[in-house]
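Order of writing sets the labels: A, B, C and D. Residues in every chain begin at 1.
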Amino acid sequence: MARVVVDVMPKPEILDVQGQAVTRALGRIGVSGVSGVRQGKHFELEVSDGVDDETLHRLAGTLLANPVIEDWTVTRL
Amino acid sequence: MARVVVDVMPKPEILDVQGQAVTRALGRIGVSGVSGVRQGKHFELEVSDGVDDETLHRLAGTLLANPVIEDWTVTRL
Amino acid sequence: MTQSQVPVDSVKHAEATPEQPQPYRELGLKDDEYARIREILGRRPTDAELAMYSVMWSEHCSYKSSKVHLRYFGETTTDEMRSSMLAGIGENAGVVSIGDGWAVTFKVESHNHPSYVEPYQGAATGVGGIVRDIMAMGARPIAVGDPLRFGPLDADDTGRVLPGIVAGVGGYGNCLGLPNVAGEVVFDPSYAGNPLVNALCVGALKTEDLHLAFASGTGNKIILFGATTGLDGIGGVSVLASETFDSATGGTGRKKLPSVQVGDPFTEKVLIECCLELFAAGLVVGIQDLGGAGLSCATSELASAGDGGMHVDLDAVPLRATGMTAAEILSSESQERMCAVVTPENVEAFLAVCRKWDTIATVIGEVTDGDRLVITSQGETVVDVPPRTVAHEGPVYSRPVARDDAKQDALNAGSPESLPRPETPSELRAEILRMAAAPNLASRSWVTDQYDRYVRGNTVAAHGADSGVVQVDESTGRGVAVATDCNARFVALDPYTGAQLALAEAYRNVATSGAVPLAVTDCLNFGSPEDPHVMWQFQQAVRGLADGCAVLGTPVTGGNVSFYNQTGTTAILPTPVVGVLGVIDDVTTAVPAGFAGADGDAVVLLGGTAAEFGGSEWAHEVHGHLGGHPPAVDLEHERRLAQLLAAAAADRALTGSHDLSDGGLAQGLVEAALGGGHGARVDLSGVHDDTFTALFAESAGRVLVTVPADGLDAFLARAGAAGVPALRIGETGGDALDLGEAVGVLSLDELRTSWEATLPARFGAVSV
Amino acid sequence: MSTRVGVITFPGTLDDGDAARAVRRAGAEAVPLWHGDHDLQGVDAVVVPGGFSYGDYLRAGAIAALAPIMTEVVAGAGRGLPVLGICNGFQILCEAHLLPGALVANAGMHFLCRDLVLTVENAQTAWTRDYAAGDQLLIPLKSQEGRYVADAATLDELDGDGRVVFRYRDGGPNGSTRDIAGITNAAGNVVGLMPHPEHATSALTGPSADGLGLFTSVLARVTA
């Protein structure tokens, strides 16, 4: 059994309203020095050792992320 | 300027309904060998070097995560 | 950690260790209550039994402080009132017949404290819980509503609580596919730190499909279906978790578990469709939802309602967490679960329907002969009790009841007569604009725009209307109308009259939409029952409501009591939210709210106006004043008024109507004009010789209607015959409210600007 | 014999009953289709209705797009079968790549239920031929993720080929790019839109009956 992390982020050209809202809220809780916040999704997968990277990328690119609007990274822990 | 990543996950004892739906959907795209998927949020922050860990955790605990039902990790890249 | 590693406190072990100390006080049990449990069982309870009794004997589940008062509802319900009632108090929800073989079931329930702790999930699971209550009657849920109360609009915490609660109500209800058709948003300092989230659900069924919680027939199987069972919501019970048993204040992860539940509306939506298919296929003998107290409640209530005993094996329960003790499994408040009783020959078919809907379903036990509820875990008996002692024979208290004479007399003495009032036309004009923008009177669109009111395609009237109107039978047009109301300031000034005013307003709102009021539900939100003054408010409110229902002929079919709503020792304003349901034979005759007809329609005021300002919105908003006496209530008049409105609506004699309540005639005119999109020319002189009184008094029993000019005489005659005071005060038309030289002209544009700006200014725009 | 229009139900679909009612009001027969089947039952057109299929988990429409029935819908669309996606149905058609672009969270970050005016820009599609270009329809919008996005090239192509079918007349309250409310594929048989025409087929239960035209359009086509 291996642990795999897939992080999915909106493409830079897609307006990230959640991230922007967080950035605006920073002032309210008196946090300074944080200039930009971007929000995406974080997946943790339990994967049996047989599963190869090609499969993981297909899984990420067809299900976990929508390539039209999102980029993703796959990391084996 | 430093890059900071905050990953937010539902507490283990809280039902992760999204992760469950994704796990069931895996079969649909003919992926086997993935036993469990948990879904959380992934934040990428632009932070000026002055900002200390204590501030980052306060930020995460008040804005990015809901401490009642979520855990989080802060990673400086 | 696997199950077998969790030590089991079995009945045998309990018998062997009679003196083992038990944390019953941490579980909320009093010494005498614990003693009574030992007496019932003839031994100390096991951890699992202790968990069951403590949660089932809690105020929330046992109604131990309210029971003696709620009996009064039954005592005052006549056989005639009962005639249309198919199920009443005591069932999951009341059911009334609406004709053509149709019945409707409806109920309001509170989820106040959880919504303060975690606004989104608290409100969401509040909606989910009431919807399952309705499903448990065999009905299809057809609409929801959400009476809400918050602290002051500008209070910091309101900025945290309100958006989360509204998003939770919407997030759950929208995803469930239930139109939100009614509710309230009220701000008052007494709710700061203790918001009220009351959730309403209405369901429809064919009378023959009525299902009641019932577990009879030895050998019948108990099936748990829906979501898996986890640690959510078990809060206090975790003091029983073995690894923290020694340290009552210990700090393990599980000990710190918040008692929040997390909702999954998708699972509940599928559960609804699954249940309806099971009912339709006749595969269900009895059914019970799992709400507060989870399996403890469902198993003990099903067993009590049946004629046999019951055996349940906890090892069969599908868990979502590891190492759960029997006590935790029994107390878990994991959402989206139902429990059904099924004959052995139907089990396969039952499971097949659940498979079709991807719904987990497991046989966890069966009905036995004998009269005990026996629950086993890991092969050992952990519960062996007479089920009625858990579910129905809990403690009953007659708590001290005492009017707080000093406080109450001072309140009533503080008459609003002396408050400075606007006098000149320009002052009066400015006051109308100011009131239109008041937090309690301003447009609710910021809230209601976040709720789906269209789904299911049967919504005839929703937000902005006096009551939500929903079509039940498309072929005949038969439908129902529902409204909830409560002016808690009136209740504070005089709980008996105040409760009747809440009833009168909801009843009137239903009739204003053109429906015939039929039945009542309530959600009684009060402070601590251990405070005699609170118990006095409660007792007075219950009597007022019950006596009022007897006059109106509308039975209380069910409801909910929520005590301990207080911040520190300060209780909230007594808030008995009253919901009234009415039937309308043909929803195409429903009357739109406001000036919806053609220009030139006559504007008629029904009911009389007196200088009544006690508890009024004007006194509250402009002077922060609460004192004097509430408006007089005349239920016979309300009854005549409702009959007139329903009959006139059925004959399509009205082009529009709107109830007058908070903010008086001024606010009624503003809402009617903006809601219907027509201005009006109005002469206030006939309403009351004092213009200010005409505008802002909150006398009860008043409705603003519009009738076509050529129908005016007939309508006035009709009102006269019905004994309802009716006065033509003007006619519709133009794009302004023209109130004559006594006040001046207010354009719809400036009114709309004031009315719509308040909530977006506080919480930000909903859209871009 | 009357036109048969399929209405798909996924777990979490909410507006299937309303879509079926709209189909009947238009004079066609509504045929229930189940997500788990591989069978379109020979229908003449398909409606993918609104709701929260699979709770909108992961991404709105993502999981439903993988359902067995969608393989048949994709194949049928390739053969010219008229397919209409409403709200969640639009999201599903985008996730299934029958339509370009994607729908993301409203710019206002709230679920938004509001009556608004759509302008018909393309009256040539299978689902809009009973309208005229420029017609204005009063229709409810009710969605959390209704902001249409696509890369600039795709947007220019949609505009250039007249494949924007509906636009929000007064601007998209959800921040939709170029105020796009609905689009079509190159062949004009697949249409998706965020607002709910099926909830505007009777003035009694909706703001207007302006939405009925979508459902009569497809009638006209298959019986022509």
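Keep in mind that, in the parts below, contacts are C-beta pairs under 8 Å (C-beta built on N, C-alpha and C of every residue); 3 or more make two chains touch, one makes a residue touch a chain.
In this text the structure is predicted, and so the values were computed from the model without any measurement.
> More C-beta contacts across A-D or across B-D?
Of A-D and B-D, more C-beta pairs in contact link A-D.
> Quick one: subunit A and subunit D, Cα centre-to-centre, how many Å?
Measuring from centre to centre gives 29 Å for this pair.
> Counting in whole Å, what is the centre-to-centre distance of subunit B and subunit D, each centre being its mean C-alpha position?
So the centroids are 33 Å from each other.
> I'd like to verify one number: the distance from the centre of subunit A to the centre of subunit C, where each centre is the average of its C-alpha atoms, in whole angstrom.
Roughly 40 Å, centre to centre.
> Provide the C-alpha centroid distance between subunit B and subunit C, rounded to the nearest whole angstrom.
36
> For subunit D, what residues touch not just one other chain but two or more?
54-55, 57-58, 62, 66, 106-107, 175
> Can you list every residue of subunit C that touches 2 or more other chains, as numbers and ranges?
264, 266-267, 358
> Among the residues of subunit A, which ones contact at least 2 other chains?
63-64 - these are the residues of subunit A that touch more than one other chain.
> In graph terms, with chains as vertices and touches as edges, which category applies: line, ring, star, complete, or other?
other
> Touching subunit C in the complex: which residues of subunit B?
10, 12-15, 17, 21, 24, 66, 68-69
> Given the complex with subunit B, which residues does subunit D contribute to the contact?
Within the complex, subunit D touches subunit B at residues 54-55, 57-58, 62-63, 66-67.
> Which subunit B residues qualify as touching subunit A in the complex?
1, 7-9, 19, 22, 25-26, 29, 31, 33-48, 50-51, 55, 58-59, 62-64
> Where on subunit B does subunit D make contact in their complex?
Those in contact with subunit D are residues 17-18, 21-22, 25, 28-29, 39.
> Would you tell me which residues of subunit D are touching subunit A in their complex?
Counting only subunit D, the residues touching subunit A are 58-59, 62, 66, 94-95, 100-102, 104-107, 109, 149-151, 175.
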